[in-house]
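Here chain A shows up in two complexes: once beside chain B, once beside chain C.
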Partner chain A sequence: MRGIRLLAAATILLGAVVGPASSDDPLKVGFIYVGPTGDHGWNYQHDQGRMLVEETFGDAVDVSYAESVPEGADSERLMTQMALSGYDLIFTTSFGYMDPTINVASKFPDVVFEHSTGYKRADNVAIYNARFYEGRAVTGHIAGHVTKSNVVGYIATYPIPEVVRGINAAFLAARKVNPDVEFKIIWVYTWFNPPIEADAANALIEQGADVILQHVDSTAALLVAEEHGIWAFGQASDMSEFGPNSHITSIVNNWAPYYVERVRAVMDGTWQSTDTWEGLSTGMVEVSEISDKIPAEVKASALAVRDAIADGSLHPFTGPINRQDGTMWLAAGETASDGDLLGQNFYVEGIDEELPQ
Partner chain B sequence: MNQLSAISPELLIASVMVASTPILLAALGELVVEKAGVLNLGVEGLMIIGAVCGFAMAVITGSVFVGAVAAMVGGAMLALVFAFLTQYLLSNQVATGLATTLFGLGLASLIGKPFIGERPPPMPRLQVEFLSDLPFIGHVLFSHDPILYLALLLAFLVWYFLRYTKMGLVLRAVGENHDAAHSIGYSVRLTRLAAICFGGALAGLGGCYLSLVRVPQWSEGMTAGAGWIALALVVFSSWRPLRLVLGAWLFGGVTVLQLNLQAAGVGIGVAYLSVAPYVVTIVVLVLISLNRSQRLLNAPACLGRSFFITS
Partner chain C sequence: MLRLEARAQPSALMQTAAPLLALAATVVGGGILFLILGKNPFVSIRIIFWDPLFDASLVSYTRPQLLVKAAPLIMIALGLSFGFRAGIWNIGAEGQFVMGALAGSAVGLALHPLEAFWILPLMVLCGIAGGIAWAMIPALLRVYFRTNEILVSLMLVYVSYRILTALVTGPLRSPIGYNFPESRSFHDNPSMHNAELWSGTGIHIGILVAGILVVVCWYVMRRHLFGYHVNLMGQSNKVAGFAGVRINLVIICCLGITGALAGAAGVFEVTGPAGKLSPHFPVGYGFTAIIVAFLGRLNPIGILFAGLLMALTYIGGELAQFILDAPAAAIQVFQGMLLFFLVAADLLVNYRVKLAVPGGLFKPRPAESDAGGKST
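Right after this comes the complex of A and B.
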């Protein structure tokens, strides 16, 4: 008898631990970053979002984060550990966390996951991404205007659709305003490695580039551009302080409102697995203050491009556009579908380089 | 072929020399440490401590030279922790080295927080009348910063020290057979302690070359694996200082060359080029694991083994 009562008590106790959190318990929210939060780029912006979540909900949330978590097995271990220790909502903020997130989510159906920039969803995994290419069209537009050598350097990371799409968007916008412009593209195969990024910027400058666009997360290229007196753009976060003269504008990823909204949804019990892909129109992508060092008319036309994309009257991928091999991709007036953009694995016509596969 | 003409050999060689200096310095220090029979896997941590200490002091004092000295002191101090743990508490060298890397990365982030976004004073460059104005050679040889020349001088001095001085001979003896060295009255611990500190100082100097010259900026995790490349480089050079210089140029060279080839539009084979130095390193490691070739390759016999006084 005594034994059974003990067992019952234990069951109740266990139920209290693994069951749904009562309203008094703070919601446990975890963030996993691929690099250091001090990168002033990709991870820094996610961390800004985390701070807003803490600020907004105060004691109602218990937020923690892990930085510089390698993609792959390490991240899967960490997610499992977080799920086991009672986290309710976990944001995994890099493309390479996609499969680990799906794997762990299938083992913990009561834990909610949000994965950034991937394409695999589940009942308890929502995905979210931003239309960075809209911002890249604005930077490409400016680059086409301000280049004097007609050589624009581009520091790219990995040949995945996200990055290829950015190159194409910037190139199309630059060609539109300057038919002679050429892109030189370097793949560095890393998201964050300041010395390599600086070397890449140097190599581009040595070969004639006088504007540098980047998809990498550190601010190294801006410093090199500053030293050589040429133009550069920031990535993910406002990097103007790193290149007082060289910096024109940055494409800023603003995740904070989304994070607050999703945390609230979990609290209210209204959370659903969704697929979010927002851009300039909702402010998930922003173009930071454009430098006054570029000609005023260029700044004005860049802002016009930004506003046109935001209100939907201009799509960065509007035909006629051919693929690099000369075959037709979009007919005149046609705009690219989201499906086409998400799987983009080719350069558009005019880029005189080979896309690594 | 005309795509290649976009690459200027003059600028390329100058860039290679700059790119190879941090790993040359760190590897040179590690070479001395390993010659003394100690395997310090903490080079990455020592480098980043040097990067942040050098950067912080350069910003505070406005002098890059104070920064460089601070980087060496910082690297040596962290190395001293490693030395105390492995030489006096006889902890496992591999595990302690890895812990040193993790500790260094974390500590550097902490020290560096207030310095994110700061700009260091510029490093002066050599400007010699006549010599620096020479075509080609002027840019390649006579237009760099002092640390780069110091690194090359140090490589020569380490070679001379190990080969021709009594102290160098003692250090090698300690690395080859610590029991024998101890039995004839040399202090194994003190020799190793000094070698580890020297290694830490050079790794620190290499680290601050990244944050003061090559990038120049402080950002967390900015060494991004340079310390591991330095470790590979020591093996690659089979513990010979002058070969190490060539190895550093090769390791730094392939990185810069592949970036330049890409910018010139030559995309093919870049991946193979990038991987080449590591393939050679693995080959050397395989050869070392064969007993007979160990002697030929110059690997210190007591590498990684703890020394304790038995009697």
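Right after this comes the complex of A and C.
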């Protein structure tokens, strides 16, 4: 992983500057989404970014999107068709588009690609992702405070570093304020499947959870929490309207400013193949309005945690932290490197669950 | 007032004309759909049906891609057509496709990083075996326990999805993929890569196999005793029984053929266009192939054209999505219309529309329908 980051850094220095499109024609920008824009989660937030691009540049851009594009061969064909149709800049917004993006980019060196949440780059492929774990540290902090049963439920998707990192960040923050807290984790092996997400939420509640954290995209868990009168958090977009009583806050992915900046860079001819990983400090990750239904002092301390992470005075992974098996990961005062975080494939000490391998 | 009247004989003309009628109705219905969405209906239809075939900037890519997308549909639909002709309703080709891909992939991945010319053929054989094995579950349950193969085969699709997820998050997961739920890329090992035969076209060996199978299936269906037995069973199990057809054997063979072809298609797809296993690998070829089979009148030549037409709606539909900003759901509704209108048009095979005096809408076949039945 470190190797990749180093390589990435080297490529930034060498990064080819891609020339601007002819100034008369509008810049053609395409977005490819893995699910429906109406999911009120992951894809919805990317689409919000697309709208801001349209709003900001008006007639200078010609923006289109395709939704519910299956990862794999179908997405590769769609990207190729976009490139053949004269698109200048294409955002591919799901991990599974990684290899297709790289393949198509190699065939169209004059088209610029931006791939989110992956790890492969090229001269005309930049990558971007958000430090969602920073938001999870804030939600974990709140969860540790508000749980009465000391059981926090967590709906997880796939055991990839991204998700494992989120669980660890939330757990460490919760343990910090509540040494008795325990996490129950259910792996649903899907990013978006409301009935399965609701089943998982119910199962967690049966196991005693009175707070539910989720990494899945739909609002199902919030609806279940609302029904049972317990707490829950939203994911990807502000989901407060789906749980008037249960919703505490949502971790919001705000891609819009990044999209505007990247479109402008292509227009100006300053676009480079970069590797972006930003969080609370730049606003790529936001913590939405925290509910006043939780105690005021918890809300205040949660905001303090958020601000401390944003200004860099607090790192969610600060030692001493041991791995689940008891071996040392970070010494006292040491903070995790990006390389460690990007490849994270273990639980931290204290999580009483087995990580599927 | 219009009245439907039973025909004495199914109309051979309508048998052929129904899909064309359905296509025409879909074009009109789709045009209206796009009009309601605020898109120019003529432009929309042109983008879906014309541009992938004739737009100068696209054709060098989209024409061969039609074949890439159609090949698995055609292979699976060919397999399904035997069962459907015999009245055996295997709805689970999707599961057989997945299990074939899994079986072939597992063998290939077990041999990695070995390189040898026989690896891809072996993977295809294992895929065929995997597809057959999965199809044998509904087949044997039907033969020995008289279970309903529609339900069993359909439910096994969802089981196969779960097995796929379990394997790509476990034993078949790529050791160099940061725990992401996917296998190694088959493109990285030349012996497992179902590579394109001509650069830039995407045409792979599976497409040639699909083409050969069209001819083989046509021969078996028309000229071989097995095809005769299948058709006889479709008329009536009893008649077939009297004629000496071993009904249980035909059931097993029909499901086995579908499993074999779906399994092979799965391996061609995963080692070629898809490149790797992941939970997103199945995109519904096995279900879409059911539409293709019926659209093609369960006739191999018909299936060839139906598969290409279906592929055209996918590729044109993708173009329409980003050129017109049409929602994905609109494209799916458009594709759904094709099946809907086909089922409607199929009514005309057995019934004729007549201007008539008030009476029942459906006039049944037996005795009282004398007048209608005979006045041809």
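Simple rule for what comes next: the second predicted complex is superposed on the first by the 336 of 357 C-alpha atoms of A that agree within 3 Å, B and C clash if a C-alpha of one lies under 4 Å from a C-alpha of the other, contacts with A are read in each partner's own complex, and residues count from 1 in each chain.
The definition used in the following text is that a residue touches a chain if its C-beta (ideal position, glycine included) is under 8 Å from a C-beta of that chain, and two chains touch if they have at least 3 such contacts.
Bear in mind that the values here come from a model prediction, so they are computed numbers and not experimental data.
> Should chain B and chain C be called a clash or a fit once both complexes are overlaid on chain A?
clash
> Return first, second, both or neither, reflecting whether A:269 touches chain B, chain C, both chains, or no partner chain.
neither
> Once the structures are superposed on A, label A:204 by its partner contacts, choosing first (chain B), second (chain C), both or neither.
First partner only.
> Return first, second, both or neither, reflecting whether A:312 touches chain B, chain C, both chains, or no partner chain.
Once the two structures are laid over each other on A, A:312 reaches no partner at all.
> Touching A:241, do we find chain B (first), chain C (second), both, or neither?
Only chain B is touched by A:241; chain C is not.
> Going by the contact rule set out at the top, does A:58 touch chain B (first), chain C (second), both, or neither?
A:58: touches no partner chain.
> Which partner chains sit in contact with A:326 here, chain B, chain C, both or neither? Use first/second/both/neither.
A:326 sits against neither chain B nor chain C.
> Which holds for A:218: it touches chain B only (first), chain C only (second), both, or neither?
first
> In the superposed arrangement, which partner chain does A:356 touch: chain B (first), chain C (second), both, or neither?
In the superposition, A:356 touches chain B and chain C alike.
> By the touch definition at the top of the document, which applies to A:339: first (chain B), second (chain C), both, or neither?
The answer is neither, since A:339 touches no partner chain.
> Could you give the residue numbers on chain A that contact chain B in one complex and chain C in the other?
36-37, 68, 190, 356
> Under the stated contact criterion, what part of chain B meets chain A in this complex?
Spelled out, the residues of chain B in touch with chain A are 6-8, 11-12, 15, 19, 22, 109, 112-113, 116-117, 210, 214-217, 219-226, 255-256, 259-260, 262-265, 267-268, 270-271.
> Looking at the complex, which residues from chain A come into contact with chain C?
By the definition above, chain A touches chain C via 1, 30, 36-37, 64-74, 76-78, 80-82, 84-86, 95-96, 99, 119, 158-161, 164, 189-190, 342-343, 345, 356-357.
> In the complex, go through chain A and note every residue touching chain B.
My answer: residues 35-40, 68, 153, 184-188, 190, 192-196, 198-200, 202-204, 206-209, 218-220, 223, 241-242, 352-354, 356.
> With touch defined as at the start, can you tell me which chain C residues reach chain A in the complex?
Against chain A, chain C makes touches at 57-58, 61-62, 65, 68-69, 165, 169-170, 178-182, 185, 269, 273-276, 278-281, 283, 314-315, 318-319, 321-323, 325, 327-329.
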